[in-house]
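Note that chain A is present in both complexes that follow, paired respectively with chain B and with chain C.
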Partner chain A sequence: MNVKPSVLADGSIGLLALEGRFDAYEESQVRSWLDAEQAAGRSHLIIDLSGVNFIDSTALAALVRGMKLTREAEGDLLLCALRQPVRVIFELTRLDRVFPIFSDVDEAARHFDRSTATA
Partner chain B sequence: MTTATGKPLQIVIPATLEALRQVSAKIEDYIAQIDGVEEPEIVTYNIVLAVQELCTNIVKHGYAGESGKIAVDLELAEAPLRLIISVRDNAPHIFDKAGWAAPNLDEPKEHGLGIWLIQQLMDEVDYQPAPGNNRWRLVKQIPQRA
Partner chain C sequence: MRIALVTTYPPGKGSLNEYAYHFVRALRAKPEVSEVVLLADELPAGEVYSDEPATDGVAALRIVPCWRFDGIGNPLGIVQTVRREKPDAVFFNIQFATFGGSKIPATLGLLTPLLLKLSGYRTVVLLHNIMETVDLQSAGYAGNRLVEWLMRAIGAVVTWLVLQADLVALTIPKYVEILRAKYRAENVLLAPHGSFDDEMEEPSFDLPDGPKQIMAFGKFGTYKKVEEMIEAVQLLIQRGSEPLEVVVAGTDSPNAAGYLAGVEEHYAHLDNLRFTGYVAEEDVPRIFQEAAVAVFPYTSTTGSSGVLHQAGDYGKAVVLPKIGDFAEVISEEGYTGEFFTPGDVESLADAIERILANSDYRKEMGMRNFHASRGLPIADVVDWYLIHLEGLPSR
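Showing the complex of A and B:
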């Protein structure tokens, strides 16, 4: 899996773009990024799943951990651009009701803009 | 309607998380040889995911750090068309079927979805435990385009 971390909005939002197979073998890369973002004090995070063609339950568990970490810090973990087979698994596990899911990174970033403005 | 490649296929891998992608790739190739599958991308994903979940459990909890192998057999059966997947391992630890409980999906946790997902994704799931000789049998009907 290719992992591309970056930051948006003058460094207040952490973005991770994933590409390839997000599974039990690869999920430690995402956990490491979550730890690094937490250490950097960023709790507004976005994961771009547009390049992910496979996700398993261990990878879903890493995302759940990220969601809990960010919400404990009064932030959130947003997901975007799920491919159809991946979205089906989110629906099956009802995680589509837990994670805010957006069509692309821009839309997710705007959600943070709005929530910050109204806070 | 299947092609001549409905022949059984055996995949044997070392029991590591890294090696599981070999199983996924061979299952994808196997299903791609079947003619007329309805929604092939979804069907393939569901089967590959179920086997991935099972093998991940075997690596993590069955072998639990010990070395070993996992054997996955694929076989097509007709009327109705279905894929039969047999998974064998020699892991010392067995899955505690009696102690397993379905997860509460309204309270997402960081573990416990694997076996539940297998049950949701497959039509039949059978487990014959024996330390050093565990056997799973998964069956999935393959929907055919009209």
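Showing the complex of A and C:
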């Protein structure tokens, strides 16, 4: 799995773009990124799943952990651009009703802008 | 948050007690949980549950026995206890025969989630099997096709009642799809079974001196029967195999009292057959670690196998029946094993032999199962439940 971390909005939003198979063998990269973002004090995070064609329960657990961490810090973890095989897994686990899911990175970033503005 | 959990629990010996033990251990470690109240089944005279106080980072555990296997007053007892305890939510760790081996108490018990929801409590059911995939005849619940048809009809009604809970979690994707399609249930979700040990070192694949142990673990007598395994091992010895010992680890199923005593009597002439009786939690690691092969002598399946996950935890090579559920578990969770045809002793002997004949193969299979079991610790599974719970409206 390819992992491309970056930051948006003057460094206030952490973005991770994933590509390939997101499973038990790869999830440690995402956990490491989450830990690094937490250490950097960023709690507004976006994961771009547009390049992910498979996701398993261990990977989902990593995302759930990320969501818990960010919400404990009064932030959130947003997901975007789920492909159909990945969306099916989210629907099966009902995690599509738990995570805020957006069509692309721009829409997710705008969500953070709006929530920051109304805070 | 105070969570009530309706379940069996050690030292109680009802089905799912081991799953409950590990689920509760993980639940108590969550910072959002302040107390866990177990609504457990009553123990035999002389046995008691042990409450545990809160410690640093671990919520208190209180156990209130308020129902009994085959009791018809279980819904009332549980509802009254919940009203007294006033938890923030009620979880159920159940399968269709949790509350009784007889139809009426089993059905009445499964009304409880609905009754609690109607009483204003958030209810989440972890349902370990579904009626649609249970082979009722093999499971010992039906004597003929008409009775089986009738039981399935009743089962459909009972399933519909269970589905009135706020959320119903299942451990196999197919189960979710079946319930969503048949009952149009939107509140059904997939939640992984989870592995029982959160921090586990890579297992040792060394075996103790003496005969290699061929082990089956569980509660026997309904759809788990050990005769074929015993016969298969004797067949291997006739073929000239190295010394082998059959280890039957566990007790009778609550629905098959006396089964293992009958087997022991029937095979009294064998000197390589050992019955451990009930395996206490602290003895489980040794039982698995000493086994060369873990056999699943099932004639049907009624859910994702906790025993398979335990076998994975301890890096065991496994022999599995060619039954749909197990094949799905293998493919979806990354496990691997040798398969046999239920009812065919030779097929079972061949499967065991393929593992025993090649130590490297046995270790490789054990390692793959270990990695599969490590996939998702039960602590992560508990996080899923708590997050789903947060999404439910308070009443």
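Convention: the second predicted complex is superposed on the first by the 119 of 119 C-alpha atoms of A that agree within 3 Å, B and C clash if a C-alpha of one lies under 4 Å from a C-alpha of the other, contacts with A are read in each partner's own complex, and residues count from 1 in each chain.
Heads up, the rule we're going with is that a residue touches a chain if its C-beta (ideal position, glycine included) is under 8 Å from a C-beta of that chain, and two chains touch if they have at least 3 such contacts.
None of the values given here were measured: they were computed from a predicted structure.
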Q.
Should chain B and chain C be called a clash or a fit once both complexes are overlaid on chain A?
A. clash
Q: Once the structures are superposed on A, label A:R21 by its partner contacts, choosing first (chain B), second (chain C), both or neither.
A: first
(Q) Just checking: does A:V7 make contact with chain B only, chain C only, both, or neither of them? Give me first, second, both or neither. (A) neither
Q.
Let me test your reading of the model: by the given contact rule, A:P85 touches which partner, first (chain B), second (chain C), both or neither?
A. first
Q: For A:F54, select first, second, both or neither according to whether it touches chain B, chain C, the two together, or no partner.
A: first
**Q.** Which partner, chain B or chain C, touches more chain A residues
**A.** B
**Q.** Touching partner for A:A40 - first (chain B), second (chain C), both, neither
**A.** neither
Q: Give the one stretch of chain C, out of 20-28, 74-82 or 290-298, that collides with chain B after superposing.
A: 290-298
(Q) Identify the residues of chain A that lie in both the chain B contact region and the chain C contact region. (A) 24, 56-58, 60-61, 64-65, 67, 92-95, 98
Q) What does chain B use to touch chain A in their complex? A) 17-18, 20-21, 24, 41-42, 45-46, 48-49, 52-53, 56, 59-60, 105-106, 108-111, 113-114, 117, 120
Q. Which residues of chain A touch chain B in the complex?
A. 21, 23-25, 54, 56-58, 60-62, 64-65, 67, 84-85, 88-89, 92-95, 98
Q) Which of the residues in chain C come into contact with chain A in the complex? A) 167, 173, 176-177, 189-192, 334, 371, 374-376, 380-381, 383-384, 387-388, 391
Q. Mind pulling up the chain A residues that touch chain C in the complex?
A. 24, 56-58, 60-61, 64-65, 67-68, 92-95, 97-98
